[in-house]
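The following pair of complexes shares a single chain, chain A, combined with chain B in the former and chain C in the latter.
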Partner chain A sequence: MKKGVVIFAHNSREVDYALTSVVSGFLAKKNLEVPVTLISDTSTVEWMDKSNIYDKALRVFENIIEVDRPVYENSRVLHDGINSKTVPFINANRSDVWKLTPYDRTLMIDSDFLIFSKELSEFWDSDVDLMISPAMRDLRGDRIGYHDIWVSDEGIPLYWATTVMFTKNSKTRLFFDLVSFIKKNYSLFSEIYRFRNTIYRNDISFSIAKHIFDGYEFIQNNHLPEVLTAQDKDLIHSFYDSGLRILLSDPISESASSIVNLKGRDIHLMNKESIVRISQDILEKI
Partner chain B sequence: MKFGYLLVIAKNKKIDYLRLAYALALSIKITQKPGYDKVALVTDDTESVKQLRSPWVFDRVIEWNEKQFWDGRSWMDELTPWKNTICLDSDMLFFRDYSHWVEYFLKSETELFVPSTVYTYRGNTVVDDYYRKAFVFNDLPNLYSMYTYFKSDSELSRSFFKLNRHIVSNQDEFKNLYLQKHKPKIIGTDESFALSSKILGIQDEITYQLDFPKIVHLKPMIQRWPWPADTVSDHVGFYFDLMGQLKIGNFQQQNIVHYNEKTFITEEIVSILENIIWKK
Partner chain C sequence: MDEILKKALDFSQYNQTLNLQRKLLKEKLDSTLTYGHGGGVFKIDRSLIVFVQMLIDRDRKNKIPLIDANNNPIMIDDLEKFRDEIFDRYFSATLEYLSEYEKIKKSRTVEKLVDL
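Moving on to the complex of A and B:
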């Protein structure tokens, strides 16, 4: 059974997802010791060439698969420390991973998820066909809102599609077809599951599909680990071989009040600009 | 008979408890395997039982009119016709076979078990103590009498229920002695069970960590919602299908549901359950 990691990256005018995907791919390959495939689009790949990271991308990725750029375009406010801007993000084609992955057992990760441990390797040989992270764990511990846990006030638990592992078979094909169906009928599902549909969220589509897949129940086990997350107001201070130092923002004062030394722990970094800023330190290792 | 369920009801002007008990007995007969599907009903009105379309769902009907309302459940050990009994509140429904839970109690020769964990309709353990102030302030074990397993020939059970009856009959005395930090208006079965077990020092023997029974408790303020609520049905739909299965909001219910809202059992729901049992 061929195992590997898949990362999606479609650049927007504001965020260099191509760059973050090379960083994320490099760390995934190094720490999980499996090949990594990038799924991207022509303009993003061309940008890699222009920004002189294409050679590095070729060394990191086993395959670079070009697909049509998704037409779905969301925008949301992203912070970079105390600064913020509204940025578009293009990520609505994750449900295509089943068709696109070259692997029998795939770990799909977000391009802002940096792997520094072997923890996810424990799940390659699991006989559970599909595993998703059931929760986000805030790095500081006290910055989780109700809707980081639940899709809606009375509704289902929110899974975090930051990490998804699956075996390519007919059962998981059904799952990803279902995610695709939910995406196409997002407005209808927002009525049934009572969430705001102003922006499309993969996490919500995956959560609904998982809920339906599990027989409209929350299954307590067979999940990937919780996604340890640094908020977008947090700033990466520095990178070193086995981890990061991160300045944590205080939700009240909004200033960076403490620093955490994160060693050997996988981390979801919502502050994309912060990854871009430290990327040169990581790219030097490639 | 080795094992059976026991339901204790009394006539009430506002609530038709017989209808609730009938729906529960129908759901037990539909879902439980033979040997684990016996139901005895204790009631002060046996004539009304005879008017039901399928009164045979009650394997035994016991006439008893010495106590009203929930006080009757304190006599469950004396009223049961079974050697091993689970006494249930009447406002509950079964949705799948739970006989393996009963088998555990029978095989382990459990003398008395009262759960201390209940669940929300979304499957989370209830942690909110909104309705349990008397338990928290008076440091009582967090017992839920809605599902009480006991062995009739057990000295432990006998002592427990005997003291329980004494508490229910002498409420003011026990409130003043043991519930000073938070006095409930009345000592209900949950409170009296908790007091009995605490006074006898048997809480660790009669309630402990088990993965079952799994009972969904539909009181509104314990559902982990981000706002206060008067009833659960104000906020999520109850979808009861022709297979006798229940979905609450987006969640299929697989465990015993203690629905609390007595108006939930309509004539239509009773008819659905009757149709299923008649075709079985």
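Moving on to the complex of A and C:
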């Protein structure tokens, strides 16, 4: 059974997802010791060439698969420490991963998820066909909102599609077809599951699909580990071989109030600009 | 008074960092003790180790079903091999935990706590 990691990256005007995917791909390949495939689009790949990271990308990725750029374009306010801006993001084609992955067992990760441990390797040979992270775990511990846990005020638990592992078979194909259906009928599902549909969220589509798929129940087990997350107001202080130091923002003052040394732990970094700023330190290792 | 307040706030910041580092260290231990075997995922802890050793002591060594962390029954073909693997993982993880815990316990500044 061929195992591998898949990362999606479609650049927006504001965020260099191509660069973050090379960083994320490098760390996944190094620490999980499996090949990594990038799914991107022509303009993002051309940007890699222009920004002189294409050679590094070729060293990191086993395959670079070019697909049509998704038509859905969301925007949201993204912080970078105390600064913020409204940025577009294009990520509505994750449900295509089943068709696009070259692997029998795939771990799909976000390009802002950095792997520094082998923990996810323990799930490759699991008999469970589909595993998603059931929750986000805040790095500081006290900055989780209601809608980080639930799809809506009256809704179902929110899964985090930051990490998804699946075996390519007819059962998981049905799951990803269902995610695709939910995406196409997002407005309808927002009425049924009572969430705001102003932006498209993969996490919500995956959560609804999982809810339906599991017989309208929340199954308490057979998950990937919770996604340890640094908020977008947090800043990466420094990178070293086995981890990161991160400045954590205070939920009240919003300024950096403490620092943590995160050694040998996988981390979801919502502050993309912070990844871009330290990327040179990581690219030097490729 | 200002000096007392400054010292108190500095100490508070130190303690906040210390508590976070301790929490992260424990979470790292838990993640290292996640162990995939035979299609199941186990959490290595003292009760699993003792239970496995008890089975071996009673000469139950091959084709033994164990319940994994997800409550799935998993057939363990060679329980002695399984025992050796979880022993190794448990001791290397707890030794690393001890070593890093001792290091932060001795660190008296925020800089030392985060290895700067």
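Observations on the model:
By our rule, the second predicted complex is superposed on the first by the 286 of 286 C-alpha atoms of A that agree within 3 Å, B and C clash if a C-alpha of one lies under 4 Å from a C-alpha of the other, contacts with A are read in each partner's own complex, and residues count from 1 in each chain.
Here is the rule we go by: a contact is a pair of C-beta atoms (placed from the backbone, for glycine too) under 8 Å apart; a residue touches a chain by one contact, two chains touch by 3 or more.
The shown structure was predicted, so the numbers you read here are calculated from the model rather than taken from an experiment.
Applying the stated contact rule after C-alpha superposition, one finds that A:F123 touches chain C and leaves chain B untouched.
With both complexes placed on chain A, chain A has more residues touched by C than by the other of chain B and chain C.
In the superposition on chain A, A:P70 makes contact with neither chain B nor chain C. Contacts of A:D153 after superposition: chain B is touched, whereas chain C is not reached.
Judged by the touch definition given at the top, the superposed model places A:P102 against neither chain B nor chain C.
Within the superposed three-chain model, A:F218 lies in touch with chain B and out of touch with chain C [touch as defined at top]. In the superposed model, A:G81 makes contact with neither chain B nor chain C.
Residue contacts after overlaying the shared chain place A:Y193 against chain B, while chain C stays out of touching range. Of the two partner chains placed by superposition, only chain C is touched by A:N261; chain B is not.
Across the superposed pair, chain B and chain C touch chain A at no common residue.
Only residues 117, 119, 121-128, 137, 140-141, 221-222, 225, 228, 245, 248, 257-265 of chain A touch chain C when the two sit together in their complex. Across the interface of their complex, chain A is touched by residues 122-124, 223, 225-227, 235-236, 247, 249-252, 254 of chain B. Within the complex formed with chain A, the residues of chain C that make contact are 13, 16-17, 20-21, 23-24, 27-28, 31-32, 34-41, 69-72, 74, 100, 110, 113-116. Those residues of chain A lying in contact with chain B across their complex are 146, 153-157, 192-193, 211, 215-218, 220.
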